[in-house]
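Chains here go by letter, A, B and C, matching the order in which they are written, and residues are numbered from 1 within each.
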Amino acid sequence: MMNSVFSIAREEWRLWLRSRLALSALLVFALLLTATSTLIALRMSAEHQQRTEQQALAEETFLSQPDRHPHRMVHYGHYVFRVPPPLSVVDPGVDAVTGQSIFLEGHRQNTAMFADAGASANIGSFEALNAALVYQLFVPLLLIAIGHGLIVREREENTLAPLLAQNVTGVMLCLGKWIALAGVTLVLLLPLFVMTAVAVARGESLLASAGLIGIYALYSLVWCSLILLVSALVRSRGLGLGILALFWLGAVLIVPRSAVETASSVMPAEGKLEADLRMQADLREVGDGHYAGAPEFMQLQANLLAQYDVERVEDLPVNFRGVVAEVNEADLTEVMNRYAEERMALEARQARFAESFGWLSPVVAVSAGSRALSGTDLATHHRFLREAEAVRFDFVQGLNRVHVEQLDYIIDINRSNDTASERRTRMSAENWNVLDEFNFQAAPATERLTRATPALTMLSAWFLLLTAGGIFVSRRIRP
Amino acid sequence: MVVSDKTSPSDPQANATRESSPIDAPVLAAESLSVIRSGQRVLKDVTFRISPGEVHALLGGNGAGKSTTLLTFLGFLTPAGGSVQVQGRDVGENLSAIRRTIAYLPEAASLYGHLNAYENLGYFLSLAGTNADRSALDDVLDRVALQSGARGMRMQTYSKGMRQKVAIALAILRDTPILLLDEPTSGLDPVAIDDFNRLVRDLADAGRTILLVTHDVYGACHVADRIDLLQNGELVGTFDRPPGIDRIDTEAVHEAFAGRAAA
Amino acid sequence: MTGLLREIRFLSRDSAALLWLGIAVFIAVVSVFLGLREVSSQRTELNNLIAADYREREVEMGRYQDWGEVAYYTFHLTYAPPSDFAFAAQGQRDTSPWKHNIRALALEGQIYETDAENPDFALIGRLDFAFVANLLAPLLLILLLHDLRSAESAAGRYELLCATAARQGSPWLARAALRSSALALCLIGPLWAGGLLAGTDAASLALASLVVVSHIGFWWAVCALMERFGWSSPVNLTALVGAWLAFAVIVPAAIKVSVESIVPLPDGGEILFTQREAVNDAWDLPKDATMEPFIARHPEWADYTEVGQPFEWKWYYAFQQVGDQTVEPLSLAFREGRIRRDRFAGSLAWLSPPALAERALQALAGTDVAATLAYEQQVREFHTALRKYYYPRLFRDEPVSNASLEQRPQFRGTSE
């Protein structure tokens, strides 16, 4: 029985190989895939190298700063760069629309700046083509083009009856045809194999790479089952093609954008400026740590005096201005983190809501899953923001510690008297090594796989449903 | 395997005479068969039996229910009433086993245009679980009189008649005891029709049981042992070939056919 | 006339055609609705920001004793309000900033801030009218037209129709014309309705309609051309979708790649880095090292360059300005590069009608790169005005007064 099934699959391949249309469509796609994958791979590895170098340069520059007042180093600040993960050669994800570097300084959380999208040539909606998009959006078109006739062609050309008369059951016929189309997707996945192999060679985890191949394989098979189901149901190729085109239009072009629109209207996000204004008000309550004499820090001063049992600030064993800077930074950071976390939580909720549209369109599911597995999703961006913030807080507080412990209060308050006094407040550059090395990595593979689970679940449901439908219909195939 | 000319060792009826004998168990039988297709009763209470080695024609106009009868024997349609039996077994009992004994030539049978005759035959035979070498294919293609120059060409270049010949060749090559032929001569030129009729007689003489449906009165009279006239899903007349005569009386059948059609 | 009526009757009985047209109307209406809502939410947000900006100004008033602090702590809202046609094409407003809170500090550190929406959303894009008209409509037209001739041919009526029709091709010409115009109407109708609600001027709407009609005309021509090959419907459809893929996806992607490799841009991070270095290094340099380049640009303050203290506000703002001056070449190159990229992309867009139409609609909606750059320029000019306002007060060390504060420049967005 399996022999017949494979004969049917083989025969379909022979047809495609002899059909100029199918062959040229396949060729065009092979070219498209190879070209986009190569271009993206080259670009992403250039980005990888560039950002790694920039990161090293930024650290070197920070560490090679001369002796200074520690608070000047707080304002001097530091840059961190989000080095794209190896699998971004497949799916650059949000890399292009989010900034890749953040300037870290005291008392402020800056946004990631210079997203590629801002400076790219403006040429329409589908401008940024990459391998992931080709797989998600356009491979289904190819599958439809060559696969829509799988069963209905036999019907229209009167070969269905001879086939079934050879004691081939409908299920065998459909299985053979499905295997034929699935075989095409396997061939189409070859560039993906190559790209993930490259990523693995660059240190990407095998699990995440396998997951990525798996999700695209599953996604392609969803389309295979859908195409087969429609082809088995309809009486004419035109109708089948129309139904599949409509489905593609909805799944690829309409549903994802509707998901975005719905998510942003169901869960509206406040603009950053508005949020900043609210935050500004909260930050004002915390006070400005540059002014140690401000009323906000009177309580702190009293506590310190009591703790060390001294009368005057000058008698404290620590630099009071440094303590204020340190405490103030912690308080400000708490407020800023609250706002940042609020925003990130909202964005994550929006994204999850939009992702649930994967029940309506497998495209939404696969794109979310692909970004999660590649380590280029929103969560990875948030992870970058959080890690950057941790680095920021650590080096600022490290510098504040230097301020507290090593800089004498009297010298400090007299810094503006003259140039000589200013010179005395400069601390040794050795202190700058409070800066941690920043080496951004996407989340571990198991975590990414967990994030991709909803997408995988939705795709599996699509697959099972469509395949069950296909089996149901194939049992009833009559000439 | 090699298809031999007249005898087939697998067939015990190989040397049966052309006259069917009433005591033979029927190979194909329809008993009070009724079939409903898309809400329409297309066969009403049809009964006939076909003995081994018999050529049986169902004659009727468009929409008489001829093809429906064949599809019911193949199990593609389920009777709404009555039964159909193949070699004494109800169709549907063991569909797969029954289909193995039947070669079916569908109406306007098409094979794949992108394959040549050999490839088409090879493919369909492989689906049926058999295979044949090139010389066996050539033997049969000789019998159906397909020009040898055309055999290696893709079938999309074939005329309707040539395609029909390959389809007939496939039915022969299946080497089954039963042949169901749906309008086998449509699209064939008169010379090819004569060739075909001779071929059918030869196959029957070799013991195959053949049920063919057609609207060609002349052809049916020349090839069949018995003609059942089918009109609007009902059997309205039966004509037997008298013993010793090589064809059924065309005039009588034509009269019945035309008269019924006019009524 | 009777011919037209007959064709309309044909069309009204073709359920597949009605389905495609129905989808076109539905999506166009939805996209216009979403666009209008987006514009109104942008307006609301702007109004809130303007009110908040005003409140903030009140709060800050009288809080600071010297001009240095005033300039340091006061943010000024700048913005580019959506045009009254912005509902049709979101364009660059998705990814490029259209509002900034600006201080009198070095501008280069501020102007590249983005108030980005959820990156997941920016990645997928919006369902705006431009998307519907430029990417969806061609596909719908293809579905409407691909089997006009081939379906007749498959049904065996082709020869009959040809033999009957007085002129070659005329039944299809009329049929295709009717379907194309029906599709164009399905798009333009909702567009005009949205335009009326938004108060768009008729000229913009007329031009936008012209863009839509020409674009559909192009695809009609492509369909007509393909028809000449006399392929079967499925082959025809596949080839047409291939053409769509080429014109709407592959060509734009190729244009993007080539434009970006032919017109390189200085790295944005480089601008920030250089500016930051210049500003920070100034702290450790002799004051003259800052004041000299500053005076070169602002000779009018040459008599006020004496900096006696380790820290003085005028020196602080001088090195902010010098920081901007240091990266000026880079910043200009960045700006010039974006302009050149945009021009280049504009000329190459003639290779891809969907991209061309998209750019045309964005230009009409004021959401194109030119509009983004114009806003950026406005911000620069406003920032210059701020400096012009603060420098006399800083350098002459004037006392802060409410009367003086009242004269502070206020950003006025070029509204609609």
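Criterion: a contact is a pair of C-beta atoms (placed from the backbone, for glycine too) under 8 Å apart; a residue touches a chain by one contact, two chains touch by 3 or more.
Here the structure is a predicted model, which is why all the values come from computation and not from measurement.
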{"item": "Chain located farthest away, centre of chain C as origin (C-alpha)", "value": "B"}
{"item": "Chain whose averaged C-alpha position falls nearest the assembly-wide average", "value": "A"}
{"item": "Geometric centre distance via CA averages, chain B-chain A, whole Å", "value": "64"}
{"item": "Distance from the mean Cα position of chain C to that of chain A, given in whole angstrom", "value": "24"}
{"item": "Chain B and chain C: spacing of chain centres that average the CA atoms, whole Å", "value": "71"}
{"item": "Chain C partner contacts - residues on chain A that touch it in the complex", "value": "21, 25, 28, 32, 36, 39, 50, 54, 58, 61, 66, 68, 72, 75-77, 79, 81, 93-94, 96-101, 103, 110-111, 113-115, 117-129, 138, 141, 145, 148-149, 237-239, 241-242, 245-246, 249, 253-254, 256-261, 263-265, 268-269, 271-274, 276-277, 280, 347, 350-351, 354, 367, 377-378, 381, 415-419, 421-422"}
{"item": "Residues on chain B engaged by chain A in the complex (per definition of touch)", "value": "71, 74, 76-77, 96, 99-100, 102-104, 106-115, 119, 123-129, 167, 170, 174"}
{"item": "Footprint of chain A on chain C - complex, ascending", "value": "16, 19, 23, 27, 30, 34, 37, 41, 45, 48-49, 52-53, 56, 77, 91-92, 95-96, 99, 101, 109, 112-127, 130-131, 134-136, 139-140, 143, 147, 151, 154, 233-235, 237-239, 241-242, 245, 248-250, 252-253, 255-257, 259-260, 263, 265, 267-269, 272-273, 276-277, 280, 283-284, 309-311, 334, 337-338, 341-342, 344-345, 348-349, 352, 354-355, 358-359, 362, 368-369"}
{"item": "Chain B partner contacts - residues on chain A that touch it in the complex", "value": "3-4, 7-8, 11, 14-15, 18-19, 157-159, 161-169, 478-479"}
